[in-house]
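Take a look at the structure below.
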Amino acid sequence: MNQELSSGFTIASSAPIAVALAISALLFVIGLVGFLCRRNMIIMFLCTELMFQGAALAMIAFARLRMDVSGQVFVIFILTVAAAEAALALGLVVLLYRKRETLSADAWSDLGES
Amino acid sequence: MIEAMSPQLILLAPEMILFVAAVTVAILGLSKNHGIRASLPFITCAALIASIVAVPLTWTNENAQSANLLMPMLGRFVKPLLAGIGVLLVLLSVGSVDRKLEESVARGRMAFDAHRVVRGEFYAFFLLSMMGAMLLCNAQDLIWLFLAIELVSLPTYIMVAIGGSGNRNQEAAVKYFFLGAMSTAVFLYGFALLYGSTGSLQFLEIRNALVSQSEGSGIDTLATIGIILSLLGLCFKITAVPMQFYAPDVYEGAPTHVTAFLAFVPKTAGFTAMVLILTCVGWSGHTLIDSDGIRIPYMGLPTPIAAILWMIAILTMTLGNIGALLQTSVKRMLAYSSIAHSGYLILGLIVGATDGVEALFFYLLAYGVMTTASFAALAALERRGEEINSFSDLAGLRLRHPAMAWMLAISAASLVGMPPFIGFFGKIYLFIAAFEADQFGLVLAAVLNSAISGLYYLKLAIVPLVAPPSARSEEVTSVPSRWPFIAAVLCGVGTIVLPSIAGTLVAAARSSAQSSPIVLTASESKSKSDSKTNFKGSSSGALSAAPVTAPQALPTASTH
Amino acid sequence: MLLIWTSILFPILAAFAVAIGPTKSAKWTAFAGTLVSLGALTLFAWNFPAWHNAEHFPNTTGPSWIPQAGITFSVGFDTVSLLLALLSAFLMPLCIAGSFSSITERTKEYYGWFLVLGSSIILAFAARDAILFYIGYEFTLVPMTLIIAIYGGTERRVAAIKMFLYTFLGSMFMLATLLYIGWEHRLAVGAWDFDIDTLTKTTIRLPSSTQYWIFAALMVGFAVKVPLFPLHTWLPLAHDQAPTAGSVILASAMLKLGTYGNYRFALPMAPAGGAELMSVVAVLAIIAIIYASLICWVQTDAKKLVAYSSVAHLGLCMLGLFALNPVGAEGAVFYMVNHGLSTGALFLCIGMFYERYHTKDTDVVGGLAKRMPIWASFMVLFTMASIGLPGLNGFIGEVLCLGGTFISEHDGQSGYPGVLGPWYAIVAGLGLIFAAMYLLILLGKLVWGPLREPHDDAAHASSAVRLSPDINFREIAILTPLAIACIWLGLQPKPMLDAIAPCAERMLANYPKEVERLMAQSAGTPLASLNNTTNESSSE
Amino acid sequence: MTQLTSIPQAIIAPELSWVGLALLLPLLAAVACALCCALRVKGKAAAIITILALAASFGIIVKAYFAYTGPVQVPIFQWIDFEWGAGQFQSFNANCALYIDTLTLFWMLFVTGLGTLIAIYASEYMEGYCGSGYSRFFFGICIFLFSMSALVMGDNLIMLYLGWEGVGLASYLLIGFDYARPAAVAAGKKAFIMNRIGDLGLALGIFMLWANYGTLQYSELFAAMNKGGQTSVDWDLSVIPFLLMLGAFGKSAQIPLFTWLPDAMEGPTPVSALIHAATMVTAGVYLIARMYPFFELHPEALATVAWVGGLTALLAATIGMAQYDIKRVFAYSTISQLGYMFLGLGVGTSFGACYHTLTHAFFKALLFLTAGAIMHGFAGQLDLRKLSGLRHIPGWRIVSWTMLVGCLWLSAFPYTAAFFSKDAILLQALTSVRADFRFLGWLGLFTAALTAYYTFRVWFRVCAGPLHFEPGAEAHSESHDHHAPSTHAAHTTAPAAKSDHSFHPHAPRWAINGVLLILALGAVVVGVPAYNQAFAHKDNWAQQMIAGSSAMQGAGLAEDHGSQASVEHPKVLGMDAHTGLTIVGCTASIGGILIAWYFHLGSRKSADQLRAALLRRWWIRWVPICMENKWYVDEIYHFCFRLPMWLGSQILYFADRHFLDGVMVDGLAKIPIAVGKLFRPLYGGALQGYASTMAGGIALVVAWLSWIWLRGFN
């Protein structure tokens, strides 16, 4: 399956990579839309995680395509960073919850120009 | 022991110092002894100064050669710049982190409780973030770049949250965190696409792949989208147009010393990252040595990337300046002004090659000094325990705090580009670089924008000096610790004195902007697999052929 | 070289001394500072070798500041810039002495800023590097804005902010153009270099369309500073609100920066563009003369009247410069020096009576000849000087400017064809009548006529420093050197005119060719014959 | 173009630089007077200094007259002198140098002579101002004489212009001498501005000359004319005479710019006598005489001068008839006599004009000084209805009889000096080839009759008739701070009281009487050259003086006419020219005197009846009304020029403040702020708000990129 990648990358010819890419793009978009719509801060953080996974999936797809291990190494690092961010996000959310007794992001909008 | 370490590791000496200092500071922060807790900022300063000293010692030419970096001399200028301004930023924060807790403990109203103390962590995160920014300069591949950027931003989210007291910090933190996370995801996706199209994470290989693509039918779309997405993601760091909306709220909400930090360190990191990525894509000024050693001029950024950067520059400048006109809060106005200055800096990015990047770094130096001066002046004052925020607090400041009033005036004058100060020389050099790349439109836009910026910077200068004192400004007192005062004076003097050594600074910026020449060996276009092997040999050979460190004469007159 | 740098840097040292020293001695240190700077300049002028040739002295390029951008610390004078620098250095001590009694609080800051202003003006005149000139030119704004904003009249802040922003926008255009010129030089030669003479040599060779834009942009930048017609609205406000000494320096030294800028940058650097645009700009100058003179006629506020009058006078001065012949150019430079002396003196006189009556409104106060005879005689002398009475300095400038405009026709035999003509001079001549009218009305109200004093004598008594009804010895000591200068220049202009002549001719060297080419273009003759003349242009 | 008899070429004579002293002395005196003024000298020191200086300069001029051999150019010092090329048009030099020829000496003689006499007169007349303005007055006189001598003796037109503006300044300072009175200040300002309008004409003329001839020095200009003046058709040469004319009319108060002279009577009388009668106003005549050859540049130039002169003479005479203030009458008579001089110049006899200037200077100065004496004695009373029969009062006989001499000369009584000078002018006009000149000649004769009438109207009213007078205003106001009480009878009487015994007019002392006598003698002496020519058939001294100068070209014309006259014996009313004119001239002046005798001495009430009768008839009503209101010229100027300009400048000032400054500048500053408000809602504060805008931005960019990709693809 080691297709010669001509310089011009044609999606049509290699089905599996296209599917993987489509899924990762889908994941990314879902994460983005979820981040914009959902009010709850934890859900919003999860959506950012989703976007991270979308990127990771794309990375794996390309690694597979290129038969190059560094893509997967990158994914591992993405996961670790996502974990770090999760810890930080939850710490922050707990801090906010203790302040305003609510998880909704709209509670925090008194800065900014009215 | 140092020779034994491989050149890459030696170059990381400053980061190692900072890391060790971060750990010690985190631990010392928990000690019961008030003296140790009070000395934490000074330990941080010591570490930073040590890292400044470490750079020239370790970053010698041979190390840079053998380190096989994309921009070998980048760290030699950027790291001392970061650490230097970092020292000033630490001085700003002396006495304001954990202030209420420390006071109550000092007055004995509260027993010391290790769980509540935050100062140690704050300075640890400070050092970690600084370390992240420095790591960026040694980046060799996308992973390193990604990790360094995350290392810069994660600590800043926390610093915003724990820096001061009051719920405005939390709101700023939450906004900063979530939007930061989103932008990280964006540029991560960009990296993924870039990896996909070029097949490698190593900068040098990405560059060779992109150059060979551009030799052929131009960079393919996937790579273009990848680069654009990563640039947009990084725009968050440098508060450029699509991603700059968080800046006013976060800068206003965060405590002043943290805002000062945000205004400089992430911005420098963002710009360094963008420089690295765009160097991969290759600017017109790059030296290309083809197989038989002839230098061929590289035609520069592909049009879509250049067009988008051009749009971002114009919009950032204009929105930043126009937004600042309406503000009544000083910190919010300074936020907009830092957005505007990012617009000017993107000008340097567009020009690219050595002139643009060199002007960018020199302007970053100037920007760092003058913005820190204005924030320091604000940090050194307070009104009834809270920070200075609105202009009416500053009215007639000259009567009670003449030094701070003059510092504000000087920083405002320098920010607007008034001649004898460093800001003017930064702008001049930026315009000269823009002329090198025939960007007349941009220069005109920048000139118009700095004229518009005159409106609000003049307000920042005239209100403290000339306006009659208002009721609110009567209660303005100076912060108990005198270090912010000293930092402000240092920055003010800096803006006046630095122009006199402008020549040497520009030379340093020029050397850091050199990027290693792209070497197109005849076998380049052959199959991908074996390019990796001979690549190593040829690149190192080529490197020695064109000694990078020789101060390069100005690039031959690019085709006009 | 050392003398120049002493005259520039010493006032800054004095400013520090004033800032540190005790308040009481602030004014004397400031006075001493300006005297030393004046002394250094006069010593330099005394043995100035290039009085009769158009060379700069010292023409060695100084230590480089930013080598990559070709910015160097090179300073040097030619006769024109030396004269203007001497004028400003001469007026500085007079202004400081003039404000001893009028400035009572925040005196240290006032004198400090004044010294800084003086040094940056001299730097602007002395600079031989375009960016160094820009630094001097631009930095005068900061002290001036602060002086007006702190020590000015009622709505001083509005006036100061308007002045700053207006001039700042104008000079931003100028900066962009200077850099563009530097860039054209870089293209032609390969390296950045901002030395004015080298820049002039390269810009002359540029195609006429680029020169057109360079001239237009530079003209806009400098027209804001020399208040040419549409861009003058900031000047009356600034003068009205500025303290006496501030408006003296604004009128006599800072406005000259604009005219000097035109003389040094706009005209020599873009002769082709200049030749085309000259008639448009001359029309603006003429409108300025008539427009400002008419407005002066209805003014009741003495200071605003003199402010608008300097708009009119400088319109005539610029007209002389645009006449593109030695008579006009020399007249313009001579006029710059005279205008500085006579208008500066007028402002000082107005300041003196303002200190005593605290009102500038000529409806309220008047007929002071009875109360202040010595002041009245000085006032009459300086008004007559600015009206341009023969025998005093104004006349010679006026005659030369008008004469220059007169003979600057296309087919003039004066060896310097120009684009203006007799009709321009005739209309500008109307300005002479209006000049007599509005200045005499000022004189009639202020000096002659029955004595009118503001009835609220409280203001009179409350002035901190009790001033004698007529001007005291200090004030006389300020006005006499100006009076002597006015009379001396009126009777003996020859040495100064001879000094200016070579520089004026050098500046206009390329214009005869350009005007002929313009005429040939407009007359439609084939350009081929003329083309070869342009590319092997005369290189000095 | 009549063949130009060449003007003698001036030789450079530096050894004659002592003549420059005549220029320098008044300047030194002025400086001395300024010092007296500054040191508040109480006594009459200033007067003595001035008189000495003027007498010395008169002596120098007389010495120069006797030492005169030919036209001479005396350089003193370099003033404006630079050249940028070798060519004729590539230099601008206007050095301080003197050009001495007969015309200059002719003029300087009577200028310095009269100046000295009037200075002596003023020393007594101005006693009242001893403490507070005396030396300032003499400072003005010295400045005036310095400028006048610079004007007359100047070697180039810029020196002439220097003198021109200098005399304007002196007249401004002296008219506004009594600055306490707003009327005086306004008059001074009006005089200066009117002069300034004339000066503009002169300045433009000078520039035109310089542009066309490349030089401004008389010697070089005349040399250019000698080589055959180009009367070219292009406009910038032919406009020169008209511009010079405008300057001359401004200074010598002719038709367009004459309204300032009557108002200039606000100044003290010696000023009116010296400046506004004898010397300054003749500057215009001097200019045209000096630049006479250049008036050939346009065929109609001289005709215009003649017409303007004739019409002014008539207009001024009509107004003079209806004035009640003695000084105003004499002011209008000065304007009318100047009209005659310009008529003379216009018709071609520059000799007649210059000779009339000489005679006029003497008798008009005499008349003004007598009026001054009356005003001084009768505490400012000058209304001829309130003064009568002065000659009966002891001590006033000299004033009355000298006034009679003056009036006789003014009305050109047969065989007086003025008769001959006016006769020379009218002869030239009546016998000229051109019909319009002849018409002007007859018009001049009619005006001569009017002149005779209004002159003797004054004399019969004031000096003759029953003794009755009322003191002027100054006697009854509290003693002016500047009028030392000693000079006026302190006791005050009700102003309306007619009884004369209460107020004793103090008669003038030796200084005033002496000067009056000398002037009367001078008026007679000045007639001697005419008597020689008329009776002893020796040629007239004045004619020789004028003939020897640049005005020569005009004199030449006279001879041609003369020669033509002898050839065709032009007839005046059928008789030979000279005899015919004398007869007509005598009838005109004697007729005028008789009419004046009838109305103002015989039956004074008949004058009032005539006036009432005229006012009743509607079709003739406008004549007396217009005459008394000076034909409303001032009002016309006010409405045609001053008012519209004043309104225009108010509008401009409003526009400058609000439109140019308010709308343009402030408006420009408000644009960025307005745009800023546009983008403000984007920073609303909501987290998701920011996120969506950011996502929108990214989506936009990616969409644009893929659009390019797709477009590139197919």
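The first chain written gets the first letter, and so on, giving A, B, C and D; residue counts start at 1 in each chain.
In this text, a residue touches a chain if its C-beta (ideal position, glycine included) is under 8 Å from a C-beta of that chain, and two chains touch if they have at least 3 such contacts.
Just so it is clear, the model here is predicted, and its values are computed rather than measured.
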{"item": "Most central chain, Cα average position", "value": "C"}
{"item": "Most remote chain, CA-based centroid, reference being chain A", "value": "D"}
{"item": "Chain B and chain D: spacing of chain centres that average the CA atoms, whole Å", "value": "80"}
{"item": "Chain B and chain C: spacing of chain centres that average the CA atoms, whole Å", "value": "44"}
{"item": "Distance from the mean Cα position of chain B to that of chain A, given in whole angstrom", "value": "26"}
{"item": "Distance between the centres, which are taken as Cα means, of chain D and chain C, whole angstrom", "value": "37"}
{"item": "Of all residues in chain B, the ones touching two or more other chains", "value": "174-175, 178, 182, 186, 248-249, 326, 455"}
{"item": "Contacts with two or more other chains, residues of chain D listed in rising order", "value": "669, 680, 683, 685, 687, 689, 691, 695"}
{"item": "Sites on chain C at which at least two other chains make contact", "value": "165"}
{"item": "Pairwise chain contacts under the document criterion", "value": "A-B, A-D, B-C, B-D, C-D"}
{"item": "In the complex, chain C residues that touch chain D", "value": "162, 165-166, 230, 233-234, 237, 291, 294-295, 297-299, 326-327, 330, 367, 369-370, 374, 384, 389-391, 395-396, 399-400, 402-403, 406-407, 412-416, 422, 425-426, 429-430, 432-433, 436-437, 440-441, 444, 447-450, 491-494, 497-498, 501, 505"}
{"item": "Parts of chain D lying in touch with chain B, wherever the complex brings them together", "value": "669, 672-673, 675-677, 679-680, 682-683, 685, 687, 689-691, 693-698, 700-702, 704-706, 708-709, 712"}
{"item": "Parts of chain C lying in touch with chain B, wherever the complex brings them together", "value": "64-69, 71, 131, 134-136, 138-139, 141-142, 145-146, 149-150, 157, 160-161, 164-165, 168-169, 172-173, 175-176, 179-180, 182-183, 186-187, 190-192"}
{"item": "Complex contacts: residues of chain B adjacent to chain D", "value": "174-175, 178-179, 182-183, 186, 221, 224-225, 228-229, 232, 236, 241-243, 245-246, 248-249, 304, 308, 319, 321-323, 325-326, 452, 455"}
{"item": "Interface residues, chain B side, partner chain C - complex", "value": "358, 413, 416, 418-420, 424-425, 428-429, 431-432, 435-436, 440, 443-444, 447-448, 450-451, 454-455, 458, 462, 465-467, 502-503, 506-507, 510, 554, 557, 560"}
